[in-house]
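Two complexes are shown next, each including chain A; its partner changes from chain B in the first to chain C in the second.
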Partner chain A sequence: MKLSSFLLIILITFNFTNLNSEENNDKIKNKISKNIRCLICQGQSVYDSQSDFAVSIKLIIDKKLNEGLNENEIYDFLKKQYGEWISYDPEFNKKTFILWILPILLFVIGGAIILRKFIVQKL
Partner chain B sequence: MKNKIILSVLVLFFTFCFIVLYKGLNNSNIYVPETKIEKTLIKFNSTDLYSENKISSDQIFVGSEYYVLNIWASWCVPCRAEHPKLIKLSENKSIKLIGLNYRDNPKNAKKFINEFGDPYFMIIKDNQGIISVDLGAIGVPETFIIDKDKKIIKRFLGSLTEKSLNEINLITK
Partner chain C sequence: MLAHQIGYYSLILGFFFSILIIPVSIKNFSNKNKVINNKVFSISFFQFFFVLVSFSGLILSFVNSDFGNETVFNNSHTTKPLLYKISGTWGNHEGSLLLWLLVLTLFIFIFLIKSNSQPKKYRILTLLFQQVIIIGFFLFLLKTSNPFNYFFPVPKEGLGLNPILQDPALAIHPPILYLGYVGSSIIFSSSLAAVVEKHISNVWAKHIKFWIFVSWIFLTFGIMLGSIWAYYELGWGGFWFWDPVENVSLMPWFCLTALLHCILVLEKKSMLSSWTIILSIATFMLSMSGTFLVRSGILNSVHTFANDPERGIFILIFLFILILFSLVIFFVFHKENDQKIVKINWLSKEASILFNNWFLMYFLSVVLIGTVYPIFLEVLSSKKISVGPPFYYKLIIPFLIPFLFFMSIGPNLNWIKSEIKKIKIQIVLSFAVSLLISFVILNQIGFVGLINSILILVTFYLFFITIKDFFLKKFKNYSQIFSHFGFSLLILSILFNSILSSEKIINLKVGEEFSFREETIIFESIESIKNKNYKSIVGNFKIKDKQNNFLQLKPELRIYNQPVMITSEADIKTTLYYDKFLVMNLVKDYEYFNVRYQVKPFMIWIWISTVILVIGGFLSLFQRSYEK
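So, the complex of A and B:
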């Protein structure tokens, strides 16, 4: 009786672990597909799109996750196949540096102007 | 004087922004991937449409100087328009023309071939579209020129035209 209860507990725990890992995989899959642009209906992410391309990409994300690849490795694979444009999160490189630096630059310059005015007014 | 300088800088800045944005209006917002690519083919496994035999990419891409891989489907309307071009291309004996049947019903695919003719040396299936993603394809029809070292040297997005046929014949001469 004790042994059967013990086995039952082990079985339940094992099943829950499996369920958890599946849930985890689904979460990562959804996260990746939300960050990947559908190249057929370009206003939508792969997650939102129902095009054949998006369906294939979702399948490939699933396949790569099952092969043991992590999130970044999957992004890298898709970028290698389709270019940087497929990602909604552009990397910092010579083509995108203005995109990243300009807001910071404007913030710093704007802040400096406001600060200067504030100091001048105080004096 | 100082105000004039600030005003001139502001005017210049906004003119610059206006020109950049105005020029951007004429740019296409449809992404077109690179057509000249130097990418090695990823190994894959597939099934022959007719014999249902499993076949690997190593068994497919063997014994020829150049291969032309055409992604097609019976449900794809532009593929019908493209088909006569492929029949014409099959006369080029220096290439092996391989058909990749994309997310299709085998019955419909065979019916399509019976109706329009079979230009392919071999037709393999891509039921889930995974092989096409491995190739970097975004849809159908799409055509790739692959050399004997299994390097993709050129891709054609959409239906093949007379111009693209000439280009393929020139490359594979």
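So, the complex of A and C:
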């Protein structure tokens, strides 16, 4: 209870720091380019790479931001153009639900095994 | 040429000795003597000695630039500085495997000497199991990746080492990491031997703890070195990319960390014996499959430097045999020898270590599934997906919160059972302090999201609890206090580093300047410098702050001659509060440079805290016994 009321206080009393819009724009641009794979590189993100491909993707991100698209719309746009491989954040769909669910499932199973240790009295 | 030949023949001699150990130690195993025959020691020593000679032979071939040797030819060049000629020895597939072998043979020899107090049969069995691994590696080396292939005519010049690998941190990163990986092979063999000999007990736990901690120390330190290297050489200010090859080193780390806690329960309470064995086997399997995944070229990563399907298949088969072998031993020989199945109390040290293992296994499964799933998906449905940082953050960060909480409380509980009433006031007090501190800080820096806020709170909690333990606890376990403190500091620095980092990316010509926050960055001039194996273009930058203080930064572009490759070297000004990171890059066909300037708070604390974490592990080697 104490914790939740504390969190409430945090939420209410925050004074949001104001970033100027240019800096904000840069921030979002970098965030997007970190989540996009440079398709011609060896395991680098667009943000980390200076290849022609990465540079052109960065330009596209810039352009789309100026056109008023938000972050998710840009991911969608890039995925449509280059395929799902370009996004580092896999979607949740028919092909990937195992990827997302399996770790959680294992966590639950592990919890169940441990719970038994607490309950089993004698054999 | 001479060094090359000595190296080659020593390797074959070493192989001969490693086979010889088997009949000699089997004979020794069945006789009535209580001690191990000296012959076994000497053969094991010779095995190590000849691999050492062989390895030195390879190093000498590198130092002398003997390009008749294929490995040297592919990975070295006459103009390379001496340090990188030497480190080139393990900067490639063949050499790094020879290094694996060297450490394998060294460790089993040390094991034999150090395990005096243990039963003879158990020691010999450990040796035998270890020999299976060693012989496997010998065969692998000689058959598919011989570092001593010679060809004529001898070329005048080598192909050179990948410039991004020419770096001091990376020169020692692989050997250190391998010490950790290979240390886990001893844990593997020894736990199998202990299963067969019914020697799984608190005596065994006490003895094997040494190897667990040694492996853990090297593994942790090795991962850190790799990460430091990535920070200033590879990345644009990043230090962990969730790249498959990084993940591969993280997986055995999770497993080993779980084992390191679990072994304490076995030592104190003779419980969790099956689980300990499973973790021992799993740690080594993960180290091996790491080698497999990296070497086979299946992974798409910056680290992949050799891919050859034959090698991949060999390791895959070898791995498969080892897994099968260990499973058979486990199921045939292992009888649960926990005297009685006891109920574990919620509020006890055992319980909190179980929670620790539970969460670590979860983190392991996230990383494992995240790394392997895309490979399987591509093979099965030819659909390519990328699993990157967002995936890992989403699945790991929320779970860190309870993990850190248990980590704070756990060491303050008793074995068997603690009374709620007896939980000391300081524990509650530390929580109040952390609440206050997090509140003040969050008020200063602004809202960072709900999960991050709670994470900051629990990490501070761990931070203050460990400080409290350091000063107030009666039975001081410095190893645990240091490690947990280091870990809290690590999470705090990573958190604040990622929240407070700021950067500016801009295209700039010589003479231009730009302002960023309260600083002005001036691109004054460039100069070109010629070095032995590269040419460099150095940019002279001045950073002027509000008080008109100047800071000079000189990022560099290096054009290596062999192989021809351009790398950019960041210039970093490190202080206790922040790193200022400046890097420049060529933009094709233009006269301006792409310049990135970053201010990264608390960067150095990420390394300091990891060192504290490692020191904690190191202290445990000198601790007589674990508490009470």
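Annotations for the structure displayed:
Methods note: the second predicted complex is superposed on the first by the 100 of 123 C-alpha atoms of A that agree within 3 Å, B and C clash if a C-alpha of one lies under 4 Å from a C-alpha of the other, contacts with A are read in each partner's own complex, and residues count from 1 in each chain.
To be clear about the criterion, a residue touches a chain if its C-beta (ideal position, glycine included) is under 8 Å from a C-beta of that chain, and two chains touch if they have at least 3 such contacts.
All values derive from a computational prediction rather than experimental measurement.
In the superposition on chain A, A:Q42 contacts both chain B and chain C. Contacts of A:G83 after superposition on the shared chain: both chain B and chain C are touched. In the superposed model, A:E67 makes contact with neither chain B nor chain C. Look at A:I57: by the touch rule set out above, it reaches chain B but stays clear of chain C.
With both complexes placed on chain A, chain A has more residues touched by C than by the other of chain B and chain C. Note: residues 37, 42, 52, 55, 83, 85 of chain A belong to the chain B contact set and to the chain C contact set alike, using the contact criterion stated above. Interface residues of chain B facing chain A in the complex, by the touch rule stated above, are 29-31, 33-34, 102-103, 128-130, 132-134, 136, 138-139. Put simply, chain A touches chain B in their complex at residues 37, 39-40, 42, 52-53, 55-57, 59-60, 63, 81-83, 85. Listing the residues of chain A that touch chain C in their complex gives 6-7, 9-11, 13-17, 23, 26, 30, 34-35, 37, 42-45, 47-48, 50, 52, 55, 83-90, 95-96, 98-100, 102-104, 106-107, 110-111, 114, 117-123. On the chain C side of its complex with chain A, the touching residues are 234-236, 238, 241, 243-244, 299-302, 304, 340-341, 343-346, 351, 354-355, 358, 361-362, 365-366, 369-370, 373, 377, 381, 383-391, 395, 399, 435, 439, 442-443, 445-447, 450, 453-454, 502-505, 585-588, 594.
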